[in-house]
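We call the chains A, B, C and D, going by the order they appear; numbering starts again at 1 in every chain.
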Amino acid sequence: MKKISVGIVGGTGYTGVELLRLLANHPQAEVRMITSRSEEGVAVADMYPNLRGIYDLRFSVPDSAQLKTCDVVFFATPHGVAMSMAKELSEAGVKVIDLAADFRIEDLAVWQKWYGMAHTEADLFKDVAYGLPEYYRESIKQAKIIANPGCYPTSIFLGILPLLKAGWIKPDNIIADGKSGVSGAGRGAKVDMLGAEMSESFKAYGIAGHRHHPEIQEKLSHLSGQEIGLTFVPHLVPMVRGMESTIYATLSEDKTQAQLQALFESAYQNEPFVDVMPAGSLPETRMVKGSNMCRLAIYRPANSSQVVITSVIDNLVKGASGQAIQNMNILFDFPETLGLNQVALLP
Amino acid sequence: MKKISVGIVGGTGYTGVELLRLLANHPQAEVRMITSRSEEGVAVADMYPNLRGIYDLRFSVPDSAQLKTCDVVFFATPHGVAMSMAKELSEAGVKVIDLAADFRIEDLAVWQKWYGMAHTEADLFKDVAYGLPEYYRESIKQAKIIANPGCYPTSIFLGILPLLKAGWIKPDNIIADGKSGVSGAGRGAKVDMLGAEMSESFKAYGIAGHRHHPEIQEKLSHLSGQEIGLTFVPHLVPMVRGMESTIYATLSEDKTQAQLQALFESAYQNEPFVDVMPAGSLPETRMVKGSNMCRLAIYRPANSSQVVITSVIDNLVKGASGQAIQNMNILFDFPETLGLNQVALLP
Amino acid sequence: MKKISVGIVGGTGYTGVELLRLLANHPQAEVRMITSRSEEGVAVADMYPNLRGIYDLRFSVPDSAQLKTCDVVFFATPHGVAMSMAKELSEAGVKVIDLAADFRIEDLAVWQKWYGMAHTEADLFKDVAYGLPEYYRESIKQAKIIANPGCYPTSIFLGILPLLKAGWIKPDNIIADGKSGVSGAGRGAKVDMLGAEMSESFKAYGIAGHRHHPEIQEKLSHLSGQEIGLTFVPHLVPMVRGMESTIYATLSEDKTQAQLQALFESAYQNEPFVDVMPAGSLPETRMVKGSNMCRLAIYRPANSSQVVITSVIDNLVKGASGQAIQNMNILFDFPETLGLNQVALLP
Amino acid sequence: MKKISVGIVGGTGYTGVELLRLLANHPQAEVRMITSRSEEGVAVADMYPNLRGIYDLRFSVPDSAQLKTCDVVFFATPHGVAMSMAKELSEAGVKVIDLAADFRIEDLAVWQKWYGMAHTEADLFKDVAYGLPEYYRESIKQAKIIANPGCYPTSIFLGILPLLKAGWIKPDNIIADGKSGVSGAGRGAKVDMLGAEMSESFKAYGIAGHRHHPEIQEKLSHLSGQEIGLTFVPHLVPMVRGMESTIYATLSEDKTQAQLQALFESAYQNEPFVDVMPAGSLPETRMVKGSNMCRLAIYRPANSSQVVITSVIDNLVKGASGQAIQNMNILFDFPETLGLNQVALLP
């Protein structure tokens, strides 16, 4: 069977190299082009030596005519770039998977406030699916454009939605305390992301407001059919990869620990990339490092009315590039796990 | 002026070596003996080479007669040891500062449940003060025995008590999401604390229950005069030192961000070791590494009714040995900051 | 084609879990049993949660009869175990691949001195090959027992042998300055390997003598046909995986940087797992993390007579389990790279 | 006694904040001004929150008239700045301590080659001392300008000079394998120093040539009175602070391990900041973290003719700001250890 042809726009960042790593062993996809204005002509393997001997691609200037020859184009770009090319590619029959935020939020007034630019492609949303397969699989199958979810949102959705959809918790006071490794901040040179600055230190950031907040809130409301009150505080962990979210909610009806466990196991029993760990487990980010898995555990401490979920993903895989490939597999009717069987690197 | 004479019981762990580091430059205290059954005869500087040239003490077997010649004895021991010696030392006029948990919880039924042993010294509690100077300074001055607070409790108390004492938050649903560096787990050889296990990973632990939970709950209730509902989830951060707590509470009356800031600044204006950072600040654990400071910031995100406090300490200093010395200073009527002017090591 | 049947003896350590990770995606091998006396009955995925959903094996007590049903048995055991079972398995036609040191050194007097036990199986050496495919491939093909090389030796051999075999350097004064991540110390609970001890620190160790020294010396002498003078100092790096060796040698004849580069490129042009990087490159351990590659660069600084090679591997892959599978592939006449196409995890 | 008045030019980098940390507790020195063009008006404590409550200085634009009111001015600037102001300050009687390289190398042709600029102040060298107190104490006392040594040179000098001065080693083939934490690369925003890039990885760099090579070579030659052949390869360690050098040399005469130990102990018996550890010790960088100590050990492995020294310092203290203050103490006839009694932070 002929492989599908893949293009990557803006592949110099961490989600770009992670797409390349994961696609290198995908049996049905072949990366044909990868673009970067600033690195034109540079061999991909020179920028990312882990790819030496695996790819002999060079970065090229993004060119619509060229990209239209692909079956699917991933955008691993700053916000706003996918928006500018999605229509043309989509009309040409090319599937678009945006790892940035251009199509994540349907309320464009909210989007414009948080992303600081005008959204020019409101009419495209009819062809967009939010790329969280566990909750939007059917719409992904029909979509032309995939809004690949943010990393924090992914880890939080998978942790809280079974409860919210079951109606077992109060929707007005959900707290999500998120923690991310530094690769989440990207490959740009910033003083506060220097190794000498972030190592051996821990901090909250974005307390006053973070772009993932409205994304989470909109989708939770949409999927549960009610207004959601959410407090979200992200934190920076001195490690490269990995994301953990500890989610707190108040039970609206009395449910035992066993009932909670059963609810989650039932919700995800057919999901290849969500692992509800046995009661009492303590998920660690290293249990998913380099893999597309989300592992989670649910607790009701001290029989109080509070329920606590801890959910771990690799921010660059299930939180970005792996989930994007999962979406590609759905779009092209491949087995959803194709090429995504990487075992987490432990230790 | 003659220096006071200091004994340390059980000084082979991290709080022991930290006491030695901090006391090395204390102008009014001199460490005269340090005990360890297992390391008898070993030079302190052989176990802790950072102390080479600074101390020529050797570990000795704990001996009551010897310890009674001290003015103050610190217990940096497993739980239960201080309890067994406190009466005899205290009656001999020796001040006792326990860095373990023997005198932290007055409700002995609770204590016995969490610490798995009988508490034999209920009658000593009349001479005990809980060693959190910012809230128990007067009772510390009168005490013979100091229960030095746990690290998580310290970081959480300093963050939530101004609000709780002011009556601005609902007391029944406080959430404390704590994060600690691995030195908090001590110097015992445990597989899950190996560098190859904990590095580059993040996890929650003790979700079902942690010994610091009843300690926090009791003191919060005591200090605020009401029952407290607390959910506490600790996490392990891949770093050596440092502790951050993100605390969530619901406002019971409408207060602006500015009013919240003013409340905290007022509460701690005379406290040498609590730094209320300017509005919008993001405390990092490295801002207090090696120092006795607690730095904190308070937020009311998105004008919701949730208030968020982030509080950072060095778990081995303000969270243990530094606070113990602060208590010693109070007991002996020294300036409270004496010997505790270490500037945090940054970077 | 029927898959070969694989047994792993002693799979609770890091080389054991790494064998499982790598073999999970090997198309021609299936792990049928994994043994551990201490963990009998425990599910592999309970000990190593990265394997949840991938293996449903449980640890069993090692049993010769069972192991004889395998086509190949890996020993990921303490030194001395493989020696005790190799004869029986080998006579039963089972290929043995020992990741420990039992068959690495032919001079048994030397072996006994360094490993502190008697070597009882001298007669087996006729069937043993030293499992460094780049230099012993032909003998591996014929062997019944593979002595999988140590991690330091692997990184050093690949770096120095082209020069030594070409006769371009003085053999009497080679210096190898090796650096290893902490996973090299294994999964045993040791105080000095705690995260709170090894993080944010760097040290030399084993300066007075290290077990890999005689192994390196014997094989270098054997392969180059002359006595070798080697100084080897290992160091511990505060990271989990990765090994770098900086090797210093004195040129015995004048060779340009270009000639040196050409020598190495020629030596390894057909080797799938040795990457001679372009002149001026600086190999980093993360360029091989999780992969079976060795990447190296060669320098002649300041036109002195000193040549410097820097060579990086993942100590658990090319330095242990990956190389073991590479040897398995050779033994069973599979393509040498089968199942070993993992791309290094970067960042 | 009146405190001396201290100015710091260019205090925004890591050596600047480290000077501030160390001087905060110096009983005879007071920092009166700190300059930075880019950060004019910014409070020092806003840039370095570890200094909150300790300094209320603000960065000012460097101004000669102001700086001349100081007793001593430290230059924590890029190379070339101290050169431009040293004459004027020095003539005004202000002592100059340059933490950059402007006066480290007397052979100005060499300097110009490595630092890429013309050296305009050759005539000042008559007033310059190289600020390595252990070997240049007398000339420091007489000097007006101190060239504070590089970090690698400091760690290597202290390790090799006893042997070189005793004439016990061959001078033509010294190998120094250096390793540094990332704070050595400074606070500039560079992609390869991002936490996501340098964490969990190890590499050699500067193999083809490093600026510290000519500095080491010149001073070794000067102090030993002979030409020195040196190979120097620096490496980057994934930690913030700390530097280790492993130095290899060939004995020119037969000396026992005990003789080597005695030589070093004798050489440094009166040195407050050099600790010759007992035979068999393994110095770790954490044994000196935050302190001005150098700790070292000497080995003669396997009775070969190779001698191995391992030497550890904190690159920001004895390798930069601490040594600068040590030099200040000598210049002003203070006790050499004044204000430098910080105990290393361990763990």
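Assume a contact is a pair of C-beta atoms (placed from the backbone, for glycine too) under 8 Å apart; a residue touches a chain by one contact, two chains touch by 3 or more.
Given the structure is predicted, the values throughout are model-derived calculations rather than measurements.
Between the contact lists of chain B and chain C, the overlap consists of A, D.
With angles rounded to a multiple of 5, the C-alpha fit of chain B against chain D returns 180 degrees of rotation. More C-beta pairs touch across one of C-D and A-D than the other; that pair is C-D. Using the mean of the Cα atoms as each chain's centre, the chain most removed from chain D is A.
Centroids built from CA atoms put chain C at 36 Å from chain A. Chain C and chain D have CA centres that are 39 Å apart. Chain centres here are Cα means. That of chain A falls 46 Å from that of chain D. Multi-chain contact residues of chain D (touching two or more other chains) are listed as 14, 181, 183, 187, 196-197, 199-200, 238-241, 283-284, 286, 289, 347. Per the touch definition, chain D reaches chain B in the complex via residues 14, 17, 20-21, 24-25, 48-54, 183, 187, 199-200, 240-241, 275, 277, 281, 283-284, 286-291, 293, 295, 316, 341-347. For chain C in complex with chain D, the residues that touch the partner chain are 173, 175, 177, 179, 181, 196-197, 199-205, 207-209, 213, 229, 231, 233, 235, 237-242, 244, 246, 248, 250, 280, 282-286, 289, 297, 299, 301-302, 304, 306, 308, 310, 312, 347. Chain D contributes residues 14, 181-183, 185, 187-191, 193-200, 238-240 to its touches with chain A in the complex.
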